[in-house]
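Some structures to go through are shown next.
The following pair of complexes shares a single chain, chain A, combined with chain B in the former and chain C in the latter.
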Partner chain A sequence: MKKLLALILVLVLAASVVACGGNGGGTAGTDGSAPAGELKGEVTVWCWDPNFNIPAMTEAARIYNAINPDAVINIVETPWDQVQDALTAAATTGVLDNIPDIFLMQDMAFQRNVMTFPELFIDLTNTGIDFGQFAAGKRGFSTVDGKNFGVPFDNGATIYAVRTDVLEQAGYTVADVTDVTWSQFISVGKDVLAQTGMPMLSTTAGGGDFIMVMLQSAGVDLFNADGSPNIAGNPVLISAIETYLELVDTGVLLEVNGWDEYIDSFVNDNVVGTISGCWILGSVQENAHAGAWAVTNIPRLEVAGGTNFSSWGGSSWAVTNVGNSALAVDFLKHTFAGSVELYETILPSTGAIGTWAPAAASSVYAEPHPFFGGQAVFADIVGFAGKIPQINVGVYFYTANDNISIAVSNIINNGADITTELQAAQEATEFAIME
Partner chain B sequence: MQTAKQEAKIKPFFTMTRKRGLTGWLFLSVASALIILTSFYPFVRAIEMAMYSGAGTRMQFAGLVNFQRLLIDPHLKQVLSNTFLFLLVQVPMMILLGLILAAMLNDPKLKGKGIFRTAIFLPCAVGLVAYSLVFRQMFAVDGIVNTALLTFGILDTPYNFLGTAWSARMVIIIGLMWRWTGYNMMFYLAGLQQIEPSIYEAARIDGANVIQQFRKITLPLLRPMILLTAIMSTTGTLQLFDEPFNLTNGGPGIATRTIAFHVFNVGFQQSPNLGYASAVALLIFVIAAILGLIQIKVGDKRW
Partner chain C sequence: MVGRNIARFFKYAFLTIAAVLSVFPLYWMVVSSTNANPAILRGSLIPGTNLFVNIQNLIAQQALGQAFINSIVNALSVSVVSIIICSIAGYGFEIFHSKAKDRFMAFLLVSVMVPFAAVMIPLFSLVANMGLMNTTLGFMLPMLSSAFLIMLFRQSARAFPHEMIEAARVDGLSELSIFIRIFMPTMKATYAAAFTIQFLASWNTFLWPRLIMTPGASSITMPMLLANLLSGYVTDFGVNMVAAFIASVPTIIVFFIMQRQFAQGIVGSVK
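Now for the complex of A and B:
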């Protein structure tokens, strides 16, 4: 009730502001080949993380200003939650003046926002940006009905970051956990746990995200082509949940109650390694055992189409249907979708790994990383990213994900039956879809 | 002559009473306008919004469909029973504890009263998120509570308090008690200051013991205060959001998800359906109104 009231209040205030301020800026053309002379003015960008996205965007602005000195790129630090709230408020009120020209969006939320608030976004398909140069698995998140609505940015390729010294202690090497199936991984994990007392990895309880990673690694999503949930009786989902339960039962995976506990678990040497999106490597480097870490791919499900590659928590740039969108598109085209220099500059300072193929050929990616025992981790991760199966997230991804987390939690805590719980998750998701 | 007479008859428009009345209304008007704008208007809009359904901006008029959906929402029963569990366990315990503490701290002979009062009141001045995070840390698998229980040999292996349904609910109830008991105690202390000490003196002369004094004097004379705190705590608990959100994130599963949390989830967290979220929010309003009425009927003798 409070939240709702707050929202409505914001809407009322926003409406009054507009009434006073008048309407600003119409929609500009989106033709990417427009002459450079017309492309001036200001573009506002919202993104979060002062150690990651913001320096990347700042560098992009510097590079673009060298080409187009008339453009002003105004970067505003905005946490993702606030970006989402502002989008929701702007779209539901129709007061679009307060949203930026470009903003960063979580991949998992991309299709939902484009589909629920279609009037906010610009179709970038025919703007001259070559989307074929981005990894397909990544590009898919910002594609709706075959149209590209986002310029892919940071790579969400999943990795298994692991302590090689602990593996060695138990008589294993990274090769024993590379290109393996989950059952092979679990048998190694049980042995490592028995010998060292350390679980192979940790994740937050309920494992919704973890199970989604497994699903995507087999190229399976939670919805049928007609949009109906594909949860009850989905064989790959059942296989993923059973694998997850086995990981928890055998103690190979440690369940923790929140993000802070999760980070602590691998920083404080409670677990051998962690599976996450490659952006986790920044946190991994807080661990004291520099040089002992290695990065490899994740285990695969033993189902048709099972791979060792998936993604988790990347983000992409969206261009809004407000203000100077022609300039915004041109800016992205010459930077995140067209500048090897940009990716070369941001990689060493931020560890931001892109998904733009031409940059992957850069020698910067092939540099050995001392924390990871001299492994060229970035080149490896770019290699993983190219093999991620493409899935369709859709509008109701978060709802389905939430319901599956509830199901898994009930199965683990109350010993509930998988079939019954997935049926309940299916019904709860169908309930949300019903309009 | 005539005109002079008439003039004498005509009273000035701004008589003293009128002036006072108008001044009063003038002062009231600002507050009233703000209340109407920030409270009544959104409320009416919420009712209107509850008549629409759809994801995001693709909302269509749906009439009473959202209220029908309330009946078949697979999670609503669980979130309602969670909310009522918090309400029925936490509110009475907190009120009783607050009363006992207030009665004890009202003793004029007690030394260090100020320190105790401040210490018990202080939790409610602590930021919601901050205290939730501290409780999270305390009840974590490697937190201080588990360490203590292990050290004293009460447990052999750490217990996952926040990962198990009943203990997670218990942690939230403990958190709520810790934060709000002192707040309610302040109301009772204020109420106790109004009670004449001579009444207690007379009771003592008549041979009433401490418990009899508490039951026969303190409780009845504090009735309006208890009613006030009961209604405030009830509506507060019905809107409970921060503690489950920060402490357990509604988990494990939806074991600690409250109805306000459900509104947030339906309206913002998942695929945004503000229409249905409004309908659930209206349900909270109806429940709060009914409970408030019952409490007034039971608690206020003037009705």
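Now for the complex of A and C:
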């Protein structure tokens, strides 16, 4: 009887193994794409955000189909975390079945992925795409060893979106917070706070991203040319942290605990404005004071090379070498790197601002925006994007960023010493690189 | 007397606080699903009138019906198959008891301690090389056997009277018939508890399907749909909360239906 039970279990196991084999045969045969070089067939694209990237890609597919009706562009909504997990799983196991032809990648993760999994990506440098037409600060994120691996998409230029009515209440205008240094900004901010009770801006506690924005505005990154961390004793980083501490201490900057609280702070009139990537404008427009907002550049650090321009967020298109890469490249060349019409169409519908120079000349970008008191915000933002200093983020950007956030939080909450904390962040990052 | 009243006061005060803490997020989710984004960001705790707009937006943005059906099919098939496999295993470990099996059971239990993220990549490699990527079987395979459920059934089988098995054997019942006709009906409560646990686990599973299934409407599940809604530059919390509410309904229903058996099953089926 025991033997019978054992026999049944073995049979069940055997049957399931056979069933596995059967199904496997079915999926392996799906990779019937056209060979590289042929400009027809299907291209699968992964991107996220149904209100931003997906409609932009859908429009690009429509434009390309008018030129090449034989191509099928299959757009699949895939959150960034899932893209990253799929890349890691595919590259570490060598199973590439699930990888699309084109995917969107966060700018800050671009170099890391290309350097870690070089076999997955196509070098786009000599494919006929004119990378010189994209803003240098943006293009830099997807460039590795002088080779271009990404077609830049949405603009991550930093802006200060601000309530002009509150500034006026305290006797100031947008000009008083435009092209200024951080100390000038703080002195205006203290006065505005005293008169209106509103901090000038808010950010999520820790300020890691905020400090990175300041660093890039001075064209400084966290790594030396040889890849070693440049954290301990980095004068620009120290200046950025000191500025951040002063912003918090004076109350000019309100630290909040999470993303929803951050959005809440400017939507519900708790702060005068916000500094972020220009993509934040979608959320800013949920504020009730339409017409009373303006967009300007961010303050600069008082260090050599300090500018009023930086970037925060943004993403670029990568082409993989697993599918129909010739068609994928041709598609991007005629759309995101070649169609003014595309950028003109997606701007009003999604607010997606590109960094492709020929589109910036379009009259659509110069349209006055009623929410921002008639300011041509998009043209201004494209102008900012062209002035962003180029930096190198490398493989360990996120690690260094996290370690600096820990240091800043120790300095603010426990009164720790900047030099000691940065030394600790340097060592923690070096340790991660050694691993 | 006074001492007892004070003790009771603190007991109820503690229980009230604990109850509020556990129910409040659910209340907030339900209320927020009826509000528009600005009201939610303001922290409104009063029901609004935006429910249908939120539902419309959700349906317009995401393959809600497909995600719901996929999740139900996945959760039901994983739960049913895995409680059959785990109950046979648990029964075997206890009824056909031996020292070697005990040691093997201890080894199995160690696997409960290993977080899924640690085995995710090797598991992906294994299942992908079996050619099971993008298949329901590939999705189900790693979840079909759970050391925890095997242990649950083994503990229940320990309380199961061996005399009944002996009597059945004397009456000429086969081992399989004993399992199906005597053990299974007696252990209904344990089955219910195991089903509830496994249904919740497979309904909520997120990392594994995200890795093994190609993204797209045909493979999307409710947790993946929720992740899609959070991935944009602008988050509509109203739409999010409607989706979260819809995603919670089946687990709430399963739990309420199985509640009594669940409590019994965890304690032990045989009285």
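Convention: the second predicted complex is superposed on the first by the 397 of 435 C-alpha atoms of A that agree within 3 Å, B and C clash if a C-alpha of one lies under 4 Å from a C-alpha of the other, contacts with A are read in each partner's own complex, and residues count from 1 in each chain.
What we mean here is this: a residue touches a chain if its C-beta (ideal position, glycine included) is under 8 Å from a C-beta of that chain, and two chains touch if they have at least 3 such contacts.
This structure is a prediction, so every number in the text was calculated from the model and none was measured.
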Partner chain(s) touched by A:M434 [first = chain B, second = chain C, both, neither]: first
Which superposed partner A:Y398 touches (first chain B, second chain C, both, neither): first
Contacts of A:D85 with chain B and chain C, given as first, second, both or neither: both
Partner chain(s) touched by A:T178 [first = chain B, second = chain C, both, neither]: neither
Partner chain(s) touched by A:Q169 [first = chain B, second = chain C, both, neither]: neither
First, second, both or neither for A:I263, with chain B first and chain C second: second
Contacts of A:N68 with chain B and chain C, given as first, second, both or neither: neither
Partner chain in contact with A:N98 - chain B first, chain C second, else both or neither: second
Chain B versus chain C as contact partner of A:W279, first or second or both or neither: second
Shared contact residues on chain A - chain B and chain C: 1-2, 4-5, 8-9, 85, 88, 92, 260
Chain A residues within the chain B interface of the complex: 1-5, 7-9, 12, 84-85, 88, 91-92, 94, 112-113, 115-119, 205-206, 255-258, 260-261, 395-396, 398-399, 402, 405-406, 409-410, 413-414, 424, 427-428, 431-432, 434-435
Contact set on chain A toward chain C in their complex: 1-2, 4-5, 8-9, 16, 19-21, 23-28, 46, 48-52, 76-82, 85-86, 88-89, 92-93, 95, 97-98, 259-260, 263-264, 267-268, 279-280, 282-283, 286, 288, 313
Residue numbers on chain B that touch chain A, as the complex places them: 37-39, 41-43, 45-46, 49, 53-58, 60, 62, 69, 72-75, 136, 140-141, 160, 162-165, 239, 241, 248-249, 251-255, 260, 263-274, 277-278, 281, 284-285
Complex contacts: residues of chain C adjacent to chain A: 37-38, 41-43, 61-62, 88, 92, 96, 120-121, 124-125, 128-135, 137-138, 169, 174-176, 179, 207, 210-211, 214-216, 224, 227-228, 230-235, 237
